[in-house]
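All chains are identified by letter, namely A, B, C, D, E and F, in their written order; residue positions are counted from 1 within each chain.
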C-alpha cells in the first residue's frame, strides 16, 4: 500500500512558551499543513507515503522540503516555483484565553499553482490510497479543480479516496464549501468529519445548537454520519471525533465510526492539552494507518483516537509518536509510569 | 476622560520557566509596578493615560521609560534622577511550592523622591481620574505626603480618586498603613479592596479567620464593603475580588461591587493560573475602564473580573489583552475554540 | 551526625520544555544519581554529608564534582579515573504520553570500579549514618560487593544503615536483585520501599495486582512493611510512599511508616507534577534528616513525604528546597499565597 | 525643528547567531525599514520626529507600531489597513560567506496603499524637514506618486527635503529608478548617495569599474557629487560614504560632504563589523541631526559617519546609540577603555 | 554517478556560544562524522549519495538517521542495532585557547559492528565512487577489515576509491595506522592528505619540523604528494590543503593538486574562522563533486578549497552551502556585498 | 601554603550576545569580584584558598556562595547578613563601541559591614598569603579599616601580603585612594600595578600622557616600578601588565616584573579579546600561583601574563582555565591546533 497526500505546507511562527505576539522577540519556526502532517505521521508509523505540493524555489521552500525528508516522506513530485511560502503567526492561548492565529498565506506558491502543472498519471503511479482535506480546495479554484481531477483519476484506477472535511470558515463560506465538497464526495470512499464539518461542508443539519457540546449530542452525530453514507453512496465509512472543550488545556475526547450500518465507539479521554492543533490530522493518519493494516472497526477507531490524543502532548504540527506509544494508551487514558 | 496613575516602577528578574534562583544562569527582565500596570492596561484598552513616577537617569531608567511608551502610556511628567531603579527577583512557584520574591527596592529613585518635586497643577492638567494603590504611600513618608497632596488637589478640582488599598505587609505595618490610609480615604471616591486589605489597611474587622477561604465569607465581605462607605462617606463605590486559592495553578475567582446600597456579583471562574501576579492591577484597570465608559454596575464588575482572570494567562506584569478578549470571556469561564 | 552516601552520578540530557528527542537541537544538562540526590538534599538542609563515587578524570567528571561542591557536599573520597561518565537522555512525557529514557550508562567509570579501590576505614571515619539505594549494587558485581563490604564495616562500627530498595527492572532481574538485597538487608537498619520494591527486590508477595493502584492497597502495604521487619530483624524501621498515578502531571501521594510495631500515616497530597523523577530520593533525604534530628515518628513521615512532594515542583534531580519550605506544606497540601 | 520620515516598515526574521536558515528552529524578530530606522535614530538623539507609513490592522501591525512608540517616534499619522506586513528572512553571513536575504514584502499593506489616503497638509503640519529614501518610491507606483506629492507640498511650504538615494536593484531597474529619481531630485535639497547610487539611481557615470573599491576612487566620487548639484540646482548639499569591503566583518569606511563648492572629508575607520545593515540609515539620521543642530560642515560629516560606524556594532536595524557615544568616536576610530 | 561513503556518525554536544563545559547548563546537539559530512555535502550539491553506517535502534539512532534524510542522503543500507551512539563533547576554543574535545565513542554500535554484517554486492549496486577516511579503519579492527573488503570489491568492479587519510592520533598509533593504510592505498585511486597525514598515516617523511608552518613548506608538500603516487601506483591523484594556523579564528589556507605529473595550486585565503572542524570533509566533498562533474584540474582544486573555506563560516559539521556560493568565492577571498 | 583573599562579590547581569540594555529581555547572571575571581582561579589551579566576604542572608547570597563552593573555594569565614547583594548591569561593547557598566552596588551587605565583625586571628589561621585589591578599601571606610587591620595582623604573623592596586575612579578620588594606599603599602610585600594605578593609587608620576599607549612607555613603567620599591621598602616585588588597546576586540599585551633590582619581560601577545574584564584578576591569580610554587622570576611573569591572556577568551569573571592550558601558551601567542 502506498499513500499520496496533497495540500499546502506553511511555516508557523510561534512566540516561545506562553508569550503573546506583542511581547515576542523570537519565534519558534515549524512547518505544517493538514496533508503534510498526515504524510509525516504515516511515514513515522512505517508506511510508504508521498506528499504532493508546490513550494517556492527559495531557502524557505528548501527548508520545508528538508523537514518532509527528515521524517521520511517521499517528495519526488513536489513542484518548485512561485513567489512565497505561506506562513502564519501562532499565539498559543492559555486557560480562558483563546489561541490566536494571524494568517499570511495569500499569494503563496501553492495557492497560485495551476491544475495543469500536475501530471496525475505519473503522480499516482503505485499509489493505492489518496488523502486530502477540505483545506486544499479552499485554497483556490485551481486547487479545487486539481482535487476533482485527482479524485476522478482515483475513481478510475480504483484508488481509495480518504477525505477529512476539515471546514475552515476563514478560507471559504459554507455555500462555496458545500458546492464543492458535495461534488467531491461522489469520489470519496472514507469520510472524516468533526465538529461543524457536517453542516458547514456538506449542508447536513443534524445538530441542535442549544444542546451544548459534542458529547451531549452523540445521537445527532450518529444521524449525521448515517446521512453522509446515504447521500454519498460511494462513501462506505464515516468517522468523527467528539470533543467537549472546557478551556485551552482542558477537554474531553471520544470518537465514533460508522461502517456497514454499524456504529463503533471509543472510551472517553480527559487529557491535559499541551497543544491543541493538528489533532484532526493525527486522527486522519491513525485512521489511514488502520485502513492500510486492515484493523477491525473497533481497533481502527480506538487507534485513530489514541493517535489524536497523543498529538495533544506534542509541540508543533507533526504527531511525532510511534505505533507502540499509540498502542500503550489505546482504550486507557492513564499514562504508564516511567519504566526504568 | 484622561487618567493619571502614580507609583513606582521596578525591574523584575525571573529565572526562566520553573527554575529556582539557585539554578538560574539567566533571568527574564520585565518591568512593572501596580500603577504602571494599570496605566498600560488602560492604554491598551484605548484610553488616554499618563503615568507619573521618578526613574533614575541611567540605562535602566531609559529602559523602563521605553516600555511605558511602547504600550502608549504618556510619560511627559516622569521625573528623572536619583540613584537606582528598584528591582526584585521573582521565583515562580509551582503546585504546593509558593512563589518567592527577593525585594531589592530600597534606596530607589522613587523611594527617595521628594513631594516638592511634583507640580500638581501642571501634572493634573486635563486629568479627570486619579488612580493610586496602597503601595505608593508605603514606599516612603515623602511619597505618602505626595499622595495626600495629590488627593487634596483632586478633591478641589473635582477629579475622581480611585484607590486600590493593595496592602503589602513587607512594606509597612498595619498600624502605619491604617493611620495613613484612613486619612487618604477621605478623598477616595472609588475603593478597591481585596483579601486582607479591609483589615490591614483600614482596620475594618469583618472576617472570621476560622471560616476559611474568601468564597466561604461572602457575607463578611459584604459587611466590610458596606462599612467602608459608612466610615468614608466620600467613597461611593467599593469593589472586591474573592479568591479561594488551592495551589499555585489552581484557584477560584469571583468579584462583588457595592454601589448605592446595592451589591452586584459576578459568576465564578475556575481558571488555570499561569502567573498569579498583577491580577489586582488588571482588575483595577478593568474597573477604571468601566467607569470611564459608564458601564452599568453589572457590566462594570463583570468586565473588571474578566480582565483580571485573563491576566492569569499572561507572563509579566502587564495585562496585554484587548477589549474584545475581555468581552469574549465575560460571564463565561470557558475559552472559545480556535477560530480558523 | 555525619552521613555518607554511595552510588553513581550521571549526566542527564533533556530536550527543552516538552520537546521530543527527535525534535531537539539542544539538551539541558544536569547531573544526578539516587545517592548524590540524597547527599545534596541533606546538605541543603544543613547536614554534614559526604558522597562517595568514582568519576572519570575528564571535564565531565570535573563538572559533576563541581555540582556536588556547589551544593556543599563533601567530595574528599571521590575516586577519579576510568573511561566515561554514565549519561542518559531524558524525554519528559506529558499527559498520556509517558516519560522516555535512553540510558547510556554502560562502561562508566563507576560501573567498572573495583571494590578494592575503596578504603572503608578511611571513608567511614566520623560517619554515623550510611545511605545507599538498590541502584548501586545493580550497577555491577563489584559495586554489589562494595555495598556488602561497606555494610559489614558499618555493622561492626555501629553505623546506621539506611537502604532505599529502589528496584530498577532495566538494570537487573528480580532473582538477582533478591539474591543480593536479601543478603544486604541483614545489615540494613532502616528500609525505604515503594511500589514494586517489596516484591521485586525482596520477594515479599503482599499485593493483589487486580486491586488497582497503591492507595487502594494500604492494608497490603502494611503487611509488606511488617514482613520486612519480621524477615530482617536488624531492620527496625520501614517507610513507604503510596502513589496513585493518573497521568504524567496528575497523581495522589501519601506515605506510611512502620516502627516498633506501629503504623503512622500522612495526609493525602494531590499535587500538580512538574517533574516526577527523584521524588523517592527526596523522600529518602527527608527521612534521613528526620532520623538525624530525632523527629517523632509522626513528624518523620510527614517531613519525608512533604520533601518528596515538593520535589515534584523542581526541575532536575536535586530537591532544591529548604527546611522552611518543607515545613510550610507538612500536613497541608495547599500552597500558601505569595507573601509580599 | 520637526522631522517627518515616510516609508515601509517590515519584520525581519533572523536565525540566531550564525545559523543558516536551513538549520534554524527559531528566528529573532525585529522590525525595520530605511525611514523608520532614521526616525528612531533621530528620536533617540532627542529630536521630535514623526514616522508615516501604513501598517496592517493586525497583531503584527500593532507590534511594529509599539516598537516605534518604544523609541519615542510619533505615530499619529500612521495608516492602518491592508492585508499584511512585509517581512524578510535575513541570514547573516560570515567571513567569505555573504549575507542572504529572502524577501517576502509583496502585497504588503504599504505597497498596496494609495496616494489618496494621505492628507499632506495635515501630515506636514509643523514639519520642517522631510526625509525619504529611494526604497519608498521603488515599492509601488502609488508610493512613488505619494513621494512626488509630498515633495511638491514641501517645496511650496519651504520644507527641507532630504533624500537618501538608496538604490535597490531587487526592487526596480535602473531605467525606472532614474526616470523617477531625476524627477524627484528637483525637490530634494540634501542628497545622500553611496556606492552605486549615483549611477543606478541618477544615471551619473563618474566611476571606472576597473579601479577597484571605493576608497581608490575618491576623485570620481567628488566628480559625481559635483555633478549632482550641477544637474539638480535645488540640491545644495551632497554626502557620500565610501567603503572598501574585504569580508563580512572587515571593511574600511570614510565619508565626504560637498557643500557650497567645497569638499569635506572624514578620517578613515577600520571597524570590526558585527552587523552591516542599516548603516546608511544611521548615516542619514546622523546627517539630519547635524542639519537640525546646524553643525559646521566638518562636524556634520564626522558626526554622520561616526553614527554610521557605531551602527556596525548594533544588532537589528535601529542605531541604538546616544549623542555622547557618537561624539566619543568622532575622528577617532579607537574605542575608549572600560571606565569604572 | 552515484557515491557511497562509509563511516561512523556521532552526536556532538557543544556548550552554547563560547562557554566552557564547566559553565554549561545546555548543550547544542548536532550530528556528524567525516563520511556523513561528505555525504551530506555531496547531496546538497545535487549528487546522488548513499551513506553506510550502523546506528543503534533507539531514539538517538533515529535522530541521526533523520538528519541524514533531512539533507537528502540515501540511508537504505544503514544497519540498526548495537548498544549506543558514539558521542563527544565539543568545547570551542577562542583566540589563544584551543578547542577541546571529550570523546565518548567507545562501545558504539558502529565500533562493535562486524564486517560480516555488510553485503557488499548489494551495497555497491549502481555505485561508481566509494569514499572513506582514515577515521573508519581506526575505529576497530572489524571496520578496518570492512574497509579492505569494500576496497577489494571496488577494485574488482572498477569503482573509483577516494580516501582522505585523516589521521587521528587519539584513535590509533602511527605504526598501526601505517600498517593498515599502506595496505589500503593499493586500492585507492584518489588520495587526500593534509597536515601530518603523509607522515603519520603513510610513513612518508618529507617535512622538516623546523621549517615552521605548512605554507613555508610547499616544496616538501609537493615531494610528499609525488611520493604517494610513486609508492602507490594505483593512486593517480593526490590533493592537499596547506594551512598556517595563527589562532582559533585566524589562519591562512591554500591547496595543491598533483595529477599526471603536474602540480596545480589555488590562491591563498585568509578567512575569519567561525568553526574550524570538518573543513577537511568539506574539501573532500568538493573534490568528489569535481570528479563527478569532470572539472579541470585547476577548477577541481579551486572548487574543493573554496568549499572548505566556506565551511569555516558554518556551525556544525555539515557544509550547508550551495554550488553557487562555492563558485562565488572561487579564486577570490573577498565576500560579495549584500545584494538587495 | 594557604591563601586568603578578601573583598566584595557581586552579581553581574549581562544582555545576551551583543545586545544593548535597551534591547534586552533577558540577562545572563554571573557572579564576580576582584578577590573572588582570584580565589576561584587559584582553587582551579589546585591551591588551597579561602575567600572572605559578607553576603546577604537571602537567595542571592546563597547563590553567590554556591558558586564559590562550586569552584572549590573555602567559604567557612564568609559572613551572612545585611540588606542586599551588590550588582551591576554589564553591556558588552564591540569594535568602536565601549563596554558600558551600570553599577548598583551601594548599600550592599559588604559595603555596610563593620571591621569589628571580622575575627582576624581565626580567619588567618594557617594562612600564609593574603591577597586584596584596591577595590576593597574603596568600598567603604570600614572595609578600608578592615584591610589595614588585616595587613597589620599579617605583618605580625609574617604572612605575605599581595596587593593589586586596581584603582577604580568611579569608587574613590585619587586623593582618597592615595591617602589610604600609601599607608597600606607599608604592609604589602608584592605589588601588582597596571595602567593608571601608579599615578592614581600611589601618586607616582612617571608617565608622559603625550607618549600614547602603554607599550610605547616601557621605560616609564620601569621607572614607576622601581619607585614603588624605593618608596615602600617592604615591597620586594612589583609586576605590571602593559596594554595597547585598539578596540574592544583588539589589543596587545605584555608584562614586566621587577624583583631584586632586575626587570623581567614577557613576549608580546596580540589576542582576539572575547571579554576584557577580570584579566587583571587572572594575572593576580597566576602571579600568586607562581609565588606559591616558587617559579623563577622569568617563569612567574610569563605564567601570570599567559593566565591573563587566556582570561580574554572566557565568558564571565572567572578564569576557568587549567595549569596545562596556561603552560600551553606561555611564551607563544599562537593557539595549538585541535588535537584529536
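Here is the rule we use: a residue touches a chain if its C-beta (ideal position, glycine included) is under 8 Å from a C-beta of that chain, and two chains touch if they have at least 3 such contacts.
What you see is a predicted model; the values in this text were computed from it and never measured.
J.: In contact with chain C and with chain D at once: which chains are those? Just list them.
T.: A, B, E, F
J.: Comparing each of A-C, C-E or A-D with A-B, which pair has over half of its contact pairs in common by residue number?
T.: Same contacts by residue number as A-B, out of A-C, C-E or A-D: A-C.
J.: Centroid of chain C to centroid of chain F, CA atoms only: how many Å?
T.: Result: the chain centres lie 43 Å from each other.
J.: Listing for chain F: what residues touch at least two other chains?
T.: Residues 17, 22, 25, 66 of chain F each touch two or more of the other chains.
J.: Along chain E, where are the residues that touch chain F in the complex?
T.: 17-20, 22-23, 93-99, 101, 103, 168-170, 195, 245-250, 276-277
J.: For a test of understanding, state which residues of chain B touch chain F in their complex under the given definition.
T.: Listed in rising order, the residues of chain B that touch chain F are 13, 16, 21-22, 24-30, 58-60, 62-63, 66, 83-85, 87, 89, 91, 100, 102, 104, 106-107.
J.: What part of chain B is in contact with chain D in the complex they form?
T.: 66-67, 69-72
J.: In their complex, what parts of chain C are in touch with chain B?
T.: It is residues 17, 269, 271-274, 309-310, 312-316, 320-321, 325, 328-329, 333-340 of chain C that touch chain B.
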